[in-house]
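In this document, chain identifiers A, B and C correspond to the written order of the chains, with residue numbering beginning at 1 in each.
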Amino acid sequence: MKRNDAEDRLDARGASRRKFLRGAAAGTAALAGAPGAAQAFDFETFFQKHFREMSDEEIDDLNARLARKYEKKYGKPFSLDATGPLDGVVFGYGLDISRCIGCRRCVYACVEENNQSRDPEIHWIRVLEFEREQAFRSINLEEGNPYYDHETVPAEGKLYLPISCQHCEDSPCTNVCPTGATWKEPDGIVVIDYDWCIGCRYCIAACPYGARHFNWGQPSIPKDEVNTDLHLLGNRPRPKGVVEKCSFCIQRVRKGRYPACVEACPVGARKFGNLLDPNSEIRYLLKNKRTFVLKAELGTRPKFFYFYG
Amino acid sequence: MGATAQFWHFVKGSALIVSRGSRGYFTWMLLLAAVIGAGGLAYANQASNGLITSNMRDQLSWGFYIGNFAFLVGVAAAAVMVVIPAYVYHWGPIRDVVLLGEMMAVAAIIMCILFVTVDVGRPERIWHMVPVLGTPNFPYSLLIWDILVLNAYFALNYFIVTYLVYMSYRGRKYNAVFVLPIIFLSIPVAISIHTVTAFLFMGLKSRPFWNTAILAPRFISSAFVSGPSLMVLIFLVLRRVRPIEISDQAIRKLGELLAYTMVTNLFFLGCEVFREFYSQTSDVIHAEFQWFGLRNGHGIAGYTWFALVCNVSALVIFVMPELRNRIPVLAVACVLAFAGVYIEKGLGLLLPGMTPDAMGEVYRYDPSLNEVLIGAGVWGVGALCFTLMAKVATAISAGEFRYREG
Amino acid sequence: MADDGSNGETGVPVAIRTVTWIVLGVALMGILGLFAIRCELGPEAARAYPSRTLAAEPEPVLLPPPPIDEDYFPCMDCHAGEVPNRTRRELEDDHDDLELAHGDLWCHDCHTAGDYDRLHRADDTAVGFDESWRLCTQCHGKKLADWRAGVHGKRTGYWWGAKEYRSCVECHDPHSPAWKPIEAKRPPKRPAEIRLGSDVRLEEVPHEAE
């Protein structure tokens, strides 16, 4: 349904004007303490401790409380845990850019698996399209286009580069977070405690890969599409005003499963495994294929390796 | 009467002073109330709907608020330009104004803290940064260092101002051994507040426009342009509306200092521009966006050149004694310098740093109406704080408000 | 600066200078000490997690190839009793819907003339349709190593556990194996389209670079 953009703009302005007035009223009422005028202030979350400082019982209580909250909101039972890392495991990721066709099935598989907000829209994976001729000389990121819209892919003469969190060994984001709400777990996954993040967005400024995303508005997930298998540091529905990003599907990989994007890719361009296991496919490709990482000169040491299969 | 009771009298008396005034005063206060009220409503809207009411998005995650914050940190630090002549060199004429300069610093710091508060997505969680209660990421995160030095500077200056004003109200000389060390402490802390703020931007290797060693010296030099400029303008207004003696000599001295600081500011700008456009690494695209705009139009190029014209014009006036010693001309130069630095250090710093973003995307950002209203509200709060403090202080120095026994 | 009122030197008495340094030192140490109390959480400090391992990794699982269309299989239902025509040609009567574009190969290079229910390798070894991948690896040997290792082709299931991999024909049409373009999913929203109220889709997005 094609609308003319003047209508869209007017509509958007009208919508935002109505929202402004409603929001100003609600916000003022909330500030003035009028009960029921705005969302009830969540005292339990307010006094919650940082994840890394909670005891196991506190985490179990938190998981149970959140599961109840989601059940009430979405009308289906949720399972929420905080599975710890496996011994002797550091995760690595491989992406075969000779095979990626830019179909974006990984993007939307991730959205569904990880309960990303549909409106306002958040995508953890972004696929950049380059002119193959140019990209062979050097990948100039300004030439990359994430908004390509073709009937079928791959389009003639194009190269596709999907980008998501690189889970750097030396990540700039974990360094700059003022509250320590984001950190690197022993199995190499960079995680976020969504109840500790204050939403200052310093990590978004610090990330060289544009991999972190902010919940600018109240996130919304359709009830029939919400994923009920949750991990506290991964795909649990996030509140407004906090940062989120790819978590290597922590709810899957810590139980031995592949991330959703690996399973969704129709051409098998995505590879995942344990970097410490010499027999894993990720070690095989690091040994036998030509690999590179993005922005290597920055010294972030990503664990996301692009290769030519 | 005990010391507490005396201080309470001072507080009550101050409340009385600020509740009375001329028609102009009440018009000003009404204007501030309107601006602050609008800002408050806009903030309520933002608190309810989220930061989506701003025009910031993932591709440009820091904008109007942080730009104002960076600018105001410099204004706050510039109090040091009057503190040093007054307390280190004991230069008489500047003593009229040193207290007002420190009050401006207090107001500016309040605005800085407010701008950071309105920018975060979950302001009720700010306590997570406090030691013991929360888990500050010290020493890795520069935001924690910034919170530390900002609050230290605020506490120091607020204490100094309150103490000196109260002593003056009591008609007593201040206890030098008690307060001078604190005043001297405020000098390195002033330098540190915007060095740390500069480091906050500089340390980000993901943003090559900011990742340059000269950013910290540029912050200092532009702070010492914007701060004294604002001070000159405030003093000119104050000596007209309040019974206060501010000598032309003090104002001219500030004008003379502005010559040196503006030269330094423009020199550092020249260094940046040379490095960007001569070396022409791929990161020059940020400077290209700043000065010329990219494929999608002129962007902020107009503002950048306008700021340069303002700064250079102001420099010409500051450097020539025949011009700067004429107070009305100096006032014009100060307005130009303030505007120039506001553009250069506000959005002129933030936007090129994040355009194009880390993955090469260009997002054209203008602050939304909601952001501007909130920003104006914060400036209103700062102006209000300064007005209240200055009203009391000038009443005391004019002898209208004095401690009386019994 | 010394034209009036100043003595040209910092006439700060020693007592005040000393006190200043002491205050500065104490303040610094106090503040740093305060932070040192609760700053164990660096960017890599983790919880004290209990030890966890998963059971020993079973062998990867080769998923059976998709079934062949009932119209075509078993082949001998139609081909029984005929004399095979071994001339290389383009088929006109039946199987003309098949697009054959696989190098220089033609039907009898893989399909066994007279016994079409099985395939054969170059040395005439018989291979069933359920193991058709053994034909591909005759020429595509490098792919065999990659495929076994999991680096070529789609893997699903468990990175530590039952890794599922697939027969070649599941993704590659053996008659014309070159990958065909598929439908692309829709692009992401531009930042200007993410709005309060609900996201809009603008036909012409202002101020955006292509």
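Basically, a contact is a pair of C-beta atoms (placed from the backbone, for glycine too) under 8 Å apart; a residue touches a chain by one contact, two chains touch by 3 or more.
Remember, predicted model here, so these are calculated numbers, not experimental data.
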Give the chains in contact with both subunit A and subunit B, ordered by label. C
Farthest from subunit B by Cα centre, which chain is it? Let me know. C
Set B-C beside A-C; more C-beta pairs touch across A-C
Can you figure out the chain closest to the middle, judged by Cα centres? A
With centres defined as the mean C-alpha position, give me the subunit A-subunit B separation in Å. 37
Report the inter-chain centroid distance for subunit B and subunit C in whole angstrom, where each centroid is the mean of the CA atoms. 50
If you average the CA atoms of subunit A and of subunit C, how far apart do the two points sit, in angstrom? 16
Among the residues of subunit B, pick out those that touch two or more other chains and give their numbers. 49, 52-53, 57-59, 134-137, 140, 144, 361-362
Two or more other chains in contact with one residue: find those residues in subunit A. 16, 19, 50, 52-53, 120, 126, 146, 175, 177, 180, 216-217
In subunit C, what residues contact two or more other chains? 41-43, 190, 194-196, 210
For a test of understanding, state which residues of subunit C touch subunit B in their complex under the given definition. 1, 4-7, 10-13, 15-16, 19-20, 22-24, 27, 31, 34-35, 37-39, 41-43, 190-192, 194-196, 206-210
Which residues, counting only subunit B, touch subunit A once they are in their complex? 40-54, 56-59, 61-62, 116, 119-126, 128-129, 134-137, 140-144, 147, 200, 203-207, 282, 285, 354, 356-362, 370
Sort out for me which residues of subunit A touch subunit C in the complex. 2-5, 8-9, 11-12, 15-16, 18-19, 50-53, 83-88, 94, 96, 101-105, 107-108, 119-121, 123, 126, 145-155, 171, 174-175, 177, 180, 183-186, 216-217, 253-258, 262-263, 265-268, 271-274, 280-281, 284-285, 288-289, 309
Sort out for me which residues of subunit C touch subunit A in the complex. 41-47, 49-54, 146, 149-161, 171, 179, 181-190, 194-204, 210
Quick check on the complex: what are the subunit B residues that touch subunit C? 49, 52-53, 57-60, 85, 88-93, 131-132, 134-140, 144, 148, 152, 176-177, 180-182, 184-185, 188, 249, 294-297, 361-364
